[in-house]
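Each of the next two complexes has chain A plus one other chain: chain B in the first, chain C in the second.
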Partner chain A sequence: MIYMNKDITYVVLADDDEDDRLFFTEAFEELKITTKVETYEDGVALMDALSADDALIPNILFLDLNMPKKSGLECLKEIKKSKRFQDMAVAIYSTSASEEDIENTFVNGANIYIKKPSDFNTLKKILSDVVTVNWQYHTSGLNRDNFLLRL
Partner chain B sequence: MKRLKSIYNSERFLRILFGSALFVVLCMGGLAYKYIRDLSESFKMVQHTYEIHIELEKLTTLLKDAESGKRGFIISKDTTFLSPLLNNREELAETLKNVKTLTIDNPEQSANVVVLEKKIDESMAIFDLTLAMAKDSLAHTQEFRNAFTRGRFTMNSIRNKVNEMTRHENELLKERRDESSESLSNAPLMVYYTLIISLVILLITYAQLSRSLKVLRNKNEQLETFVESTNQSAMISKYGNWVWHIEDQIFEFSDTLYRLLGEAPQSFEPTIENFLKYVHPEDRERFMEEVDQMYVSQELNNLHYRIIQKDGTRKHFKAFAKLFKDSHGHHRLIGTTTDITDEKENYRILEEKNVELERNNEELASFNYVASHDLQEPLRKIQTFISRLEGKELDNLSDNGKLYIDRIKTSASRMRSLIDDLLQYSRTNRSETSMELSNINELIDTAKHDLAEVIEEKKAVISVDILPEMKVIPFQIKQLFLNLISNSLKYSKEDVPPVITITYSKTKVSQMPWVKSVRHKSYHTITVSDNGIGFDPSYAEKIFVLFNRLHSKGTYSGTGIGLSICKKIMTNHNGFIQAEGTLNEGATFTVYLPIY
Partner chain C sequence: MKIFVKFDFTRVCNKVIEDTLNSLGIAYNVPSFGEIEIDDKASSESVKLLNERLAIYGIDIIENQKIILVQRLKDAIVDMVFNEENQVNVKSSVYLSEKLGHSYGYLSNLFSEVTYTSIENFIILQKIEYTKSLIAKTDLSLTEIAFKLNYSSVAHLSTQFKNTTGITPTAFQRIIAKRRELANNPTN
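This part shows the complex of A and B:
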């Protein structure tokens, strides 16, 4: 079931890079938003955790694309097949911003595409923006132009 | 073709001429035969008349002789005068018989002869009577005198009759002569005319023949030249010809075909069996299948096979043949066999190069991936960690430490722009996007928008002409102007606000001496000029070379890739870019885009 605490946003990150997981959790720690953050180090670990019967469905899932065992795109496809995750927003969180990756993830139903910034303050700003977006509204107005998050 | 047609025409003309000449000569022969027959006929007639004349003359002479003999006897009583009379009787009968035969075809004369005979008989009776009386010496009697007178009368009437007959014959002769002389006098003239006509026909024939011969000789020379040049081209481009005479089931190989097999021309009998000896054993079965098919379908479509020459050299051949029907209705299959060994070899080399090129491209693509992903990741982390240090630990650092952090930061960001520019450069490919008709002013506006911050900061003034629509790869042309404008902004004078002017004109290819192969008549010409620091004109070519920088890193930031990207973009568009500069006065970049 989806996490329903109105005051706390439940975010999950799947990324094989230890440093990126560190930046991610530190950024949320420094932000003045009450969030619950969980990280997984590959696609298989993420999907196993999410597929458990009593698993809580996060509000926003951040997916790295280039991961061992199961790539971000494979995870995305699996997620979009299941009705269980229909209320969960998926943000792609990747180093590359190649046209091909953007196109593929957009077509497969990701909500937003974030290119990992090279500045910690920028990262904080992005994450804060993404968490405070009204996803209900954003999803209905989904289009190709504002898919890639630009700052 | 036209000349050949005239030869065919002249052939028909000649046939007509010869036909008419033959006809004329035949007519002439017929006429001559008729004339000669007429001539001999009339000669016979004349002879006939003269014979009658002679016989009649003889008749009268005989009668006269008898009479004068009788008279001589009466006067002299000498019996010797009577001796010829006995012979005369027989001769007279003979002559009369002759006259009868000669006149048998003429009823009038026959009637005359009957009268004459009667008169002669009568005269003979009187003669005999008077002669008997004279023998009995009764010559002085009145009776004798009467008989004698009667004899003279009869004699006269005979002479008259003979004269009448002679006259009649003469008339007949004259009539016949008139008749034949009229046609005979025309005969020489007719013969002469026909001879002239025949001669004229012969002359025309000769003229026509010699003209046709001349045309034929010319054609022959042309043909010989053609054959020679065909042989030459066959030798140079390595092909040979062959002909299969379908009706006769025989082959004919050209000299060059023998040479292709490495043999002397016409050194063996041109048969499929002999040719097959040269075909590569692995290809023989297929080759024969195709040939058998050819016998049935009467054509051959690009048969590829290998041959082995006697010295072991292997060659690749290609054969093609098509049915040809000549003017006599004979069917021939005319074929060409080409030695495509070089072609195959070149193709193989080309394929190898292609494979190599593909491998290179793949390597380049994987390099791109490495550069875009794997190189950027550690760099991004370095930068993020620096920002963490700056944000959290700056107070714990000494002044030196702060300086080092600053330097690391500068180097890292320089590395980032290098990677970004390199990626940009390697992604600037033609195959990526196709050309489309674009509004160039819009593309320049987008580029200006991307640079708005710097433009604002430097207080730059950019003026742009109204440009026509052009067929370009839009994002590349946007990149081109982005790079050129940012170049002008970067190399502006420190204390002077940059002024960038973009103007448009058209240039004919004849005014562009560096264009080697002319593919387009004229070019859109866009110039971007500024009032910046300019450059030494001797570097005008060098500034487009990858990683080439005219300034030290400290003075002006830049990767040395921007203008190389511009150059690559222009190459993708089949266009050109040129730089002009004066040190401390400004630079002008001119872009030439082909007008399609």
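This part shows the complex of A and C:
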């Protein structure tokens, strides 16, 4: 079932870069919004965890595009095939990609595209924006199909 | 085969609420959307049941006064943006403060405290969401949409769209069209 505690946003990140995982977790710790953060180091570990029968479905899933074993795009396509994840926002969290690749992730169902920033304060600002906008979709009855955001 | 449907959210919500109240035998009255007066004689047991049954539909009974006011504020904003007849010539701050009977400063602080965003941003977000749904569901041009939503120019709408979503209205339109194509031909 979807994570239902209204006062806590549950976010999950799959990224093979250990430093990026650390920055991400620390950025969330410093935000005024209460979050619960979990990270996985590749697409297979992520999908195994999410597919478990009793798995909590995150409010927002952040996917690195280039990961060993299973790429972010492969995870995205699997996720979009399943009804279980229909209320979960998917954010692509990537170092760099061509315009065409970015658009392709949106076409395949991503809601958010984030280019990894180089400094910590920008990361905090971006993640705070993402959670805030997602919260609006969650609480204000907006149409999730139209949820596209690029940062 | 894929079919696309559209919803009248107000009607859906009201119908669910009415059916639920009827099934529990609670006498009620709906003064405005999102507000229900129930018979004072209703037992706390049946109110609890009402809470549980509505929760299935994602409808929650709000208990905190601050949250109620913020919800009314949101409804007033949505109403202001989506219903053209309600489009007012006064500034939105004046409109909202008169409609809710509190100073704009108070409303504005309360809103930010509860929602983590400002009233101004919420209005922009709603207008951009409305623009998106018009792009996705109608054949209106961006110029026509800009006019409909009271923007001074199409450039202003276009810039605000890009600033809010990070993508241009044209790219948005293209992505939605491609998604539909993909949904209709999943093998491609």
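As a working rule, the second predicted complex is superposed on the first by the 132 of 151 C-alpha atoms of A that agree within 3 Å, B and C clash if a C-alpha of one lies under 4 Å from a C-alpha of the other, contacts with A are read in each partner's own complex, and residues count from 1 in each chain.
The criterion applied here is as follows: a contact is a pair of C-beta atoms (placed from the backbone, for glycine too) under 8 Å apart; a residue touches a chain by one contact, two chains touch by 3 or more.
Since the model is a prediction, treat every value here as computed from it, not as a measurement.
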Partner chain(s) touched by A:132 [first = chain B, second = chain C, both, neither]: second
Which of chain B and chain C A:95 touches, first, second, both or neither: first
Which of chain B and chain C A:19 touches, first, second, both or neither: first
Chain B versus chain C as contact partner of A:33, first or second or both or neither: second
Contact breadth on chain A, by residue count: chain C or chain B: C
Chain B versus chain C as contact partner of A:120, first or second or both or neither: first
A:103 touches, of chain B and chain C: first, second, both or neither? second
Residues on chain A lying within both footprints (that of chain B and that of chain C): none
Complex contacts: residues of chain B adjacent to chain A: 372-373, 376-377, 379-381, 383-385, 387-388, 391, 416
Contact set on chain C toward chain A in their complex: 9, 74, 78, 115-117, 122, 125-126, 129, 132-133, 136, 165-167, 171-172, 174-176, 178-179, 182
Interface residues, chain A side, partner chain B - complex: 17, 19-20, 23, 26, 66, 95-96, 98, 116-121, 123
Chain C-facing residues of chain A, complex: 32-33, 103, 106-109, 113, 132-133, 135-136, 139-143, 145-146, 148-151
